[in-house]
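Before I ask anything, here is the structure I am working with.
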Amino acid sequence: MTDADKVFSDIEAIRAKAPVILSITNYVVTNTTANALLALGASPIMSHAVEEMAELVAISGGVVINLGTVAPEYLAAMDPAWTAADEAGVPVVLDPVGAGASMLRTVTPLALLGAHRPFIIRGNASEIMTLAGDSGSAARGVDSTAKTDSADNAARVLSAKYSCAVVVSGEKDLVVEGAAKVRVLGGSPLMPRVTGLGCTATAICAAFAAVNKNPLEAALHACVTMKVAGEMAELKASGPGTLQLHLYDALYNMKAQDVADHIKVVR
Amino acid sequence: MTDADKVFSDIEAIRAKAPVILSITNYVVTNTTANALLALGASPIMSHAVEEMAELVAISGGVVINLGTVAPEYLAAMDPAWTAADEAGVPVVLDPVGAGASMLRTVTPLALLGAHRPFIIRGNASEIMTLAGDSGSAARGVDSTAKTDSADNAARVLSAKYSCAVVVSGEKDLVVEGAAKVRVLGGSPLMPRVTGLGCTATAICAAFAAVNKNPLEAALHACVTMKVAGEMAELKASGPGTLQLHLYDALYNMKAQDVADHIKVVR
Amino acid sequence: MTDADKVFSDIEAIRAKAPVILSITNYVVTNTTANALLALGASPIMSHAVEEMAELVAISGGVVINLGTVAPEYLAAMDPAWTAADEAGVPVVLDPVGAGASMLRTVTPLALLGAHRPFIIRGNASEIMTLAGDSGSAARGVDSTAKTDSADNAARVLSAKYSCAVVVSGEKDLVVEGAAKVRVLGGSPLMPRVTGLGCTATAICAAFAAVNKNPLEAALHACVTMKVAGEMAELKASGPGTLQLHLYDALYNMKAQDVADHIKVVR
């Protein structure tokens, strides 16, 4: 099977199984990541109510823990959710939004990682470098000033330390697991001008994790899907506003040929 | 008057009066349900601040209580808001999002219904069956795995018990009040691929409730309006992303002829 | 330099510097105001976590304090953020959403204004009149029933009292600072049918404040940018849903000629 075939096979599995994806995520992207998951074929549920975490994890095929909103009422649900996921064997995708921009955004993902094993960590270069303790991380708010390539070593460090796949999103996505390293090119230069497309990539990682137990493949397939959807959307978009809507349409309409036409994987 | 004439007469009343609709709702749909209400002609306000509930209810023509976010800071406002609505005679539409998916999502709407009378309850088949105590409800996250028809009896039970109209949304909508039963067909198969269109239907129910004191009619007219808007939007959409935006456009542009052309009511 | 040249010069500065804009804002507009800021070229971050306020303010070029969600967990961050901004000399734009609709929405901005000096206050006519103590303010939910012109005097009072620029948004925008008064015409009648475009104007004010230390100019340039974007978007829109997306596209694509073609400033 080609990479494109493998990606599309997972997409078909998501569409067939409609896995529930539980997201504890930030209030900027609840709507948009839910729409992306629905468009792809998954069944999203968003919550930060501690009381229901174990029950929701039990029906989920994947869990997103996204640190975009670090207010206490959101944080309180994360450890219980992850504990439930550990016990149920449900894969967790961690998004350390804004790591490096504040102490709270740096220590919170590290504290969670001290207690739990992620399936995938996905962030931008600054966030990944911050988690790896790289002093050149250059976080600036939630946007990265560092290039993906500069996070190469940091991604390896994190992957080794936490035994997970690591995705560094950027103009080129970098996917690392152990000794394996893959780059995914493509997408659209409009994508960084839409809020939460990084968070959307995280959510899509969780959907692939629900159907593919290999963290490197799940992460890679999610990155390819986002880049392919971004390229398809750009053909119809006149700016970041229209891009976002056409990206959902692309996730919904994506065919095997679309993946084959747009995939750009470099090993 | 035909059904279409009655629906459009209520739409004209909403556009003329611009009733304030107070929503205590989940953070996935605050933006999208506000946009739908504005597009239709109502004046939305979203809040979960207990301190202002009575004042906001007092200026509202309808209140939405939506259980999509069941965190304590959201739940705390619901009983006070409903109590204020009871006293002021403002109709309340209840949306038991995810009832059956967790204990909290099941017991919370039941506790509210134990203390207050709703004007309309709107949910999907699983949610309505859960509230009615039907063991075959098959909730799976916030999406229903049950068909609308299987909630037929549950809707009757709830309508009788709480003296309200009950809407079961699905491929076919079912509207029940006492002995009356109406089905609304149409819409678009893309609609379940947009997050929060069920919550949007709930909000639209509250807008109709603000101008029509008959719960069956208000519920029916809301369902027809959503199905008509969905069909109009589908004609311009290429997927769920573009559908959502064209749905707001359709709510804004909807003319008497559009309702007449697209309405599908089965008694 | 013409007004159009000045506006576009500031837009170019925003695009070049990508200032971080910290927003403590309501959960209806987190996504949409972030998208507007990104489309314009700024770098938004949304938070209400008290623990990180000082750190985030320190990297910000402008701060938005928006009272659309007045729940305690949101309010708690506002005074600390503003205190940090005072100390760091970062301009703060205040949006008193729904002032007059509830006691809490009236007293909260007044309490903040008692302790801190804003760079710009932006609201609709009812909100500005409420803050100025004008009994004819006629708030009705979060929408204004008063015309911009009736807030003329209230805007002057607030500007004098708090030594800031005041924007009254409406069919015509009014910008006041001290003795200066400017009106901005244009835009689209669809704009009030999109939720949160007032909040978007507030966020855009903060982006201009980050590159222009003159509050009157920053406020004026933000109003012009919104009106120009609204006109550009209306040319491609078929209703409020599509307008919103094309408005982001317009913010992203806006050229000097677009500003020159659409600007309507009356002194």
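Quick notes
Residue numbering begins at 1 within each chain, and the chains themselves are lettered A, B and C in the order written.
One rule holds for everything that comes next: a contact is a pair of C-beta atoms (placed from the backbone, for glycine too) under 8 Å apart; a residue touches a chain by one contact, two chains touch by 3 or more.
Keep in mind that this is a model prediction, so the values were computed, not measured.
Although chain A and chain C share one sequence, what matters here is the overlap of their interface residues, and that overlap falls short of half of the numbers used.
Rounded to the nearest 5, the angle that brings the Cα atoms of chain B onto chain C is 120°. Note: centroid distance chain A to chain C, computed from Cα atoms, is 32 Å. The set of chain B residues touching two or more other chains comprises 27, 31, 73, 244-245.
Chain A contributes residues 18, 20, 22, 27, 30-31, 34-35, 38-39, 43-49, 51-52, 55-56, 59-60, 73, 236, 244-253 to its touches with chain B in the complex. Interface of chain A with chain C (complex): residues 26-29, 31-32, 68-73, 98, 101-105, 140-143, 190, 192-196, 237-242, 244-245.
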